[in-house]
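Below are two complexes that have chain A in common, paired first with chain B and then with chain C.
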Partner chain A sequence: MDVFLTQILNGLDKGSAYALIALGLTLIFGTLGVVNFAHGALFMIGAFCSVFLQRLLNMSYETIDPTKTDFLGNPAVVKTPYVESWFGPETGAAIIDWSVPLAVLFAIPVMIAIGFIMERGLIKHFYKREHADQILVTFGLAIVLQEVIKALYGANPIQTPAPDSLSGVAVLAEGIVYPVWRIVYFFFSVVVIGAVFAFLQFTTFGMVVRAGMADRETVGLLGIDIDKRFTLMFGIAAGVAGLAGVMYGPINAPNYHMGMDFLVLSFVVVVVGGMGSLPGAVAAGFLLGILESFASMTVVTEIIPGINQIIIYLVAIIILLVRPRGLMGRKGVME
Partner chain B sequence: MLGLGKKDTSLLLVVVALTMLAPFILNPFPSDSAMAQFNAGYPDLMQRFVIFGIFAIGFNILFGLTGYLSFGHAAFLGVGSYSAVWMFKLLSMNILPAIILSVIIAGLFSLIIGWVSLRRTGIYFSILTLAFAQMSFALAYSVLTPLTNGETGLQVNLDDPRVLGVSATADGSIPVTNLFGLEMRAAYDMAVGPWTFTFSAGYYVCALVMIAAFYLSIRIFRSPFGMMLRAIKSNQTRMNYTGLNPKPYTLAAFVISGMYAGLAGGLMASMDPLAGAERMQWTASGEVVLMTILGGVGTLIGPVLGAGLIKYFENIFSKINDTVLHSWFAFLPDGIEDFFVSIIHPFVGKGWHLTLGLMFMLVVTFLPGGLVEGGQRIAKAFRKKEDDKPKSPSTEPAE
Partner chain C sequence: MSKTNLTRRGVLKSGAVAGAGVALPTIFTASSAAAYTNEPTGASVTLGFNVPQTGAYADEGADELRAYELAVEHLNGGGDGGMLNTFSSKELKGDGILGKKVEFVTGDTQTKSDAARASAKSMIEKDGAVMITGGSSSGVAIAVQGLCQEAGVIFMAGLTHSNDTTGKDKKANGFRHFFNGYMSAAALAPVLKGLYGDDRKAYHLTADYTWGWTQQESIAAATEAMGWETVNNVLTPLASTDFSSYIAPVLNSGADVLVLNHYGGNMVNSLTNAVQFGLREAQANGKNFEIVVPLFSRLMARGAGENIKGIVGSTNWHWSLQDEGSKAFVKSFGTKYGFPPSQAAHTTYCQTLLYADACQRAGTFNPCGVGEALEGFEFDGLGNGKTLYRADDHQCFKDVLVVKGKENPTSEFDLLEVVEVTPAAQVTYDPEHPMFAGGQLGSCNAG
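Presenting the complex of A and B:
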């Protein structure tokens, strides 16, 4: 039973990442009809937002402390981060410690702006072109973004640790010990997903967007500038991917190709959930995450070796063949 | 000639001339000059040019003619490499049986994957092929380790049986790949004045294979079968209404292009008898897409040009480091020199992928027909003549 619960927990944190990325992909696909291969890169940029903030907060000035000497006998150089001198040592240290959660606040405007620029600057010109062209140009963009980050931050992973108070393990029940941050990540993703759904469901803006997803032309005929709203949705989708990346940093140290690693799986998730279906993307994300963690149990891998490596792809292939629309796909979308 | 039209014959002759004279053409700089690092005429790189040329020609038969965008073609290349290395381990170091086996195995493999994937079109097809390729990659890395040797990659060893050959040579080393005794790594250096030209047996074997592959692709493009594939690309629904079933045609195209990939994989293993799983990764599949698009999808010569260009950049561009840049701008005052170097630095050396990505985006956005379309446009501008020749084929996928 304990093993069972642990596997579900294991699946949830990976599943949360899949669900968040797939949600953004589906938002873009459902509104603008664009297949965005650069979405993984947005996830990666989100993760590097927290790297950037961490570096920024750790910027420090050097003072010479005459009372101490270093091992060569010279007066020791003490580095004091600016935030500590501004807010006092304790508050400053706490701010640095909490740099990843703070990066969430920082990443939201940055990611929305990046999404905005991407849509207006590039994707806009590809609405009328074939899906293959959209795939190709966003694939090229993904390479470019990845290389820019590599040029700026190098090829090695950069640690972005979680705050001390959230980095330990929690004893959930007898025999179930689980890292706190992964639980935080799960709840965070639930909140983000809930917020996106609430935004679409309960605001007038969201209502118009949903109407546009169902029938773009009619909404346009009613005199509503749907393109403007869709551009904002692209920004929100980029924001969701970025937030997923920010919070994923402590689980997996950000590196420049983490986006590509997640991209392929997120596409599979979207297809399993059903192209254009938001609940489908979320459900499929969690489902495949949990399925993957169950498949990597030793009991299972003893029977079918290697199943943990391929289970997601296998499920996707079966789903596409027997239920081409995906789990919750709407009729008439990409058929 | 050979059942080709006049234009195609001259195109084929150009390709033959280019590949046969490549050791000269790619070595324009004397071997001890400062520009010698831009010489691409060494066997290893020339072999890669033609091998990836074959790969891209094959990919173009699928994507260029039918419009089905496969994101999993590297899987077939990987399978081809593995089967060739197994032939070297079990049978002999002769490359002929190895290449034949790799083509056959890749063909079978693509038959299975194609039969499943081609039930869907458009983006779903791309994702299905991507899923299959990633699955093969994951399997090659983990469970199939007895077959693929996992992360280390499959290599030939001294204690392999090699029933038709020898396990080890007289001096106790691993025998080298050969074609009926002609060693693949045999090379002849010709020195002409300050130039050195290397003629490698391996390169010429690859080049001959590529010419044959190119000839075959011309024949496919011009055949009724090729017309049928184009019909699938332009309007599959209409084709259905005329009572034709497009499935066998697309499947045939998929298998043919899979076999081309297998051939490329087999040749790759023949030049350097090892095979690794990273050849199957989806980024490798992405690379062949880049090559085909960059050169000109749906054109005959485009994929070859694209493959050559990308491989040239990968090997030559990535070698330009700061020292080289400084020597280029040495004539400028120091401050300006550093400024130029720091501007160009991110785009060369390790950052050459950035240049590639930018170039690719520009081509997709402004020049959907790739380099071939660019060449045609320039030629047209020079001629200043209004001819109503249709533009190079567009890249519409099948829906």
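Presenting the complex of A and C:
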């Protein structure tokens, strides 16, 4: 029972990341009709926003400590972060400790700007092209972005730990412990998903966007510049992927390849949920996360070896066979 | 009027004999040029450094390349000479190899077997490399070793830890300086017994490929021999990034030790996940829960950050060693690049020197002569104490370091502390040991 509950929590946690990435993918597909293979790279860049801020906050001035030596036997160089000298050792250390939550604030404008530049600079030129062209150009862009990050930060993972007070485990019940940050991540994703839905549901801007998603031509005929709004939606989708990446850093250390690791799975999530369906993307994200967790259990892999590696694709095949439009897809959309 | 005695048949005969006579020296020269693949005929000799310059192990590859460049510099008489000054063999004089200036070409393995084979093939066929060295993965090393055997060049393996490299996949043209899974296990087991006792239940998470399998087999056998019980061994896909589903069941499995047979990004992520789930602070069977990582690397330790503290593992070499060879290497490398070398850099530097020295002693670049010079070669002064390049399987036998993640690091490089230097005798095994059985060295191929 304990293991069962823990795997549900694991599934919700994995599902949180899938849902956030798939939500952005669906937003872009639903508004602009673009299959964006660079979306995983946006998730990765979000995680590296946190690495960047951590490095920025750790920028230090150097002093020589003659009492210590470095690895070559020379007097050791002692580094003191500027924030510690400006705000005092305790406050400075606390700021550095909270670099990941602070990176959320930093990442929002950065990611929206990156999304905006991507859309205006490259992707808009491919709106009228075939999906194959869109996939090629966005996939190429993803490779370029990850190589840029690798050139800047190297190939090895870089730890971005959670604040001390949010590290460790929470005892949820007798025999059930779960990492605090993973619980934070789940609730964070729920808040972000809720915020996106509220924005689309309860604002005039959101209403126009939803109308545009349903019938772009008619909205255009009403004299509304829907393209401008869709561009902003691309920025918001990039922001959502970026936030998912920032907060994911303490779970798995960011590395340049992490976007690709999530990309294919997220596309499967979108297809299972239904192309263009936002609730479908979220529901499928959590569902597939939970299924993947259970499939990794030893009792399951002993019965069906290798099921943990194929479960998501197996579900996708079944869904596509029996319900081509996906769980919550609209009739006629990519069916 | 004189009568010439020329006949068609006579002209042809004479022509054939004369032609053969003229061609004879050329045949001998040609035969001598083709005595072995890529025999260097000019004033220089080309070595091929095949390292991951892209992909997940690009940082290791970059460090290997630095070490290779340093080795070439030292072989050609540049720099401070590094370990040439401490190497027990004094054949190398800083004038290249056999009087020829050492040059090099590089290839990108991308940590993919097919890409690694393609780049090695290109260096051999297009660039005339007489030796290939490098690699940061056992899959790659085994693939390239096979290629070098077919092509008739020596392969000096880089960072490869699978038993199979010098076990069932060993080749006459391949040589490994780096240690292997069996040696890690043999070195670790007594230390683990001393630290955690002989009544332990171990749960293994194992990367699902050649290195993971042989590492798990080795460490399970060594720990079971001292009384530990292996509760479970779960194979994890190499592409896994989130190990939470595999870690979560560990606490309720009855195990009190988690063995992570993972390397690289897998190790960083699985260890991070294990620490997140509170395994370091957990209690099981009335004991503190422990985590063991059989193969450590400093570059990976840096990736794992704080999570590495107190975790025990093994390593081939560490820059903090205080023997003369290690100190000389760290000084050369550190002065040139500004940070200490990794174990990947150390093993590749040593392999280049060992190859050059073997050529010098053999008096030839012929792979068969070089192989013969390496087989059974005993040396010292390269940072691991007295070392033997065993003739039976082309594996180096030397001391193995058992290390622990440092609790209070003094710098970003000071991440591991040496707990014990396990003597070579303790990690030496029979060439016919079952874990290494199933392959034959075969005979050397000179091309």
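In the analysis below, the second predicted complex is superposed on the first by the 319 of 335 C-alpha atoms of A that agree within 3 Å, B and C clash if a C-alpha of one lies under 4 Å from a C-alpha of the other, contacts with A are read in each partner's own complex, and residues count from 1 in each chain.
What we mean here is this: a contact is a pair of C-beta atoms (placed from the backbone, for glycine too) under 8 Å apart; a residue touches a chain by one contact, two chains touch by 3 or more.
This is a predicted model, so every value here is computed, not measured.
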First, second, both or neither for A:E130, with chain B first and chain C second: first
Touching partner for A:Q309 - first (chain B), second (chain C), both, neither: both
First (chain B), second (chain C), both or neither touched by A:G30: neither
Which of chain B and chain C A:G273 touches, first, second, both or neither: neither
Contacts of A:P179 with chain B and chain C, given as first, second, both or neither: second
Which superposed partner A:L141 touches (first chain B, second chain C, both, neither): first
Which of chain B and chain C A:K150 touches, first, second, both or neither: both
Chain B/chain C common contact set on chain A: 147, 150, 309
List of chain A residues in touch with chain C within their complex: 2-3, 6-7, 10, 13-14, 68, 70-72, 76, 147, 150, 154-159, 161, 167-169, 175, 177-179, 181-182, 251-253, 255, 257-258, 261, 292-293, 296-298, 301, 308-309
Residues on chain C engaged by chain A in the complex (per definition of touch): 54-59, 232, 234, 237, 239, 241-242, 244-246, 248-249, 251-252, 265, 268-269, 272-273, 276-278, 281, 299-300, 302-307, 319-320, 330-331, 334-335, 339-340, 410-411, 413-414
Contacting residues of chain B [partner chain A, same complex]: 67, 69, 116, 119-120, 122-124, 126-128, 130-132, 134-135, 138-139, 141-144, 282-283, 286, 289, 293, 346, 351, 353-354, 356-358, 360-361, 364-365, 368, 395-397
Complex contact set, residues of chain A against chain B: 35, 122, 125, 130-133, 135-137, 139-144, 146-148, 150-151, 260, 264, 267-268, 271, 275, 305-306, 309-310, 313-314, 316-317, 320-321, 324, 334
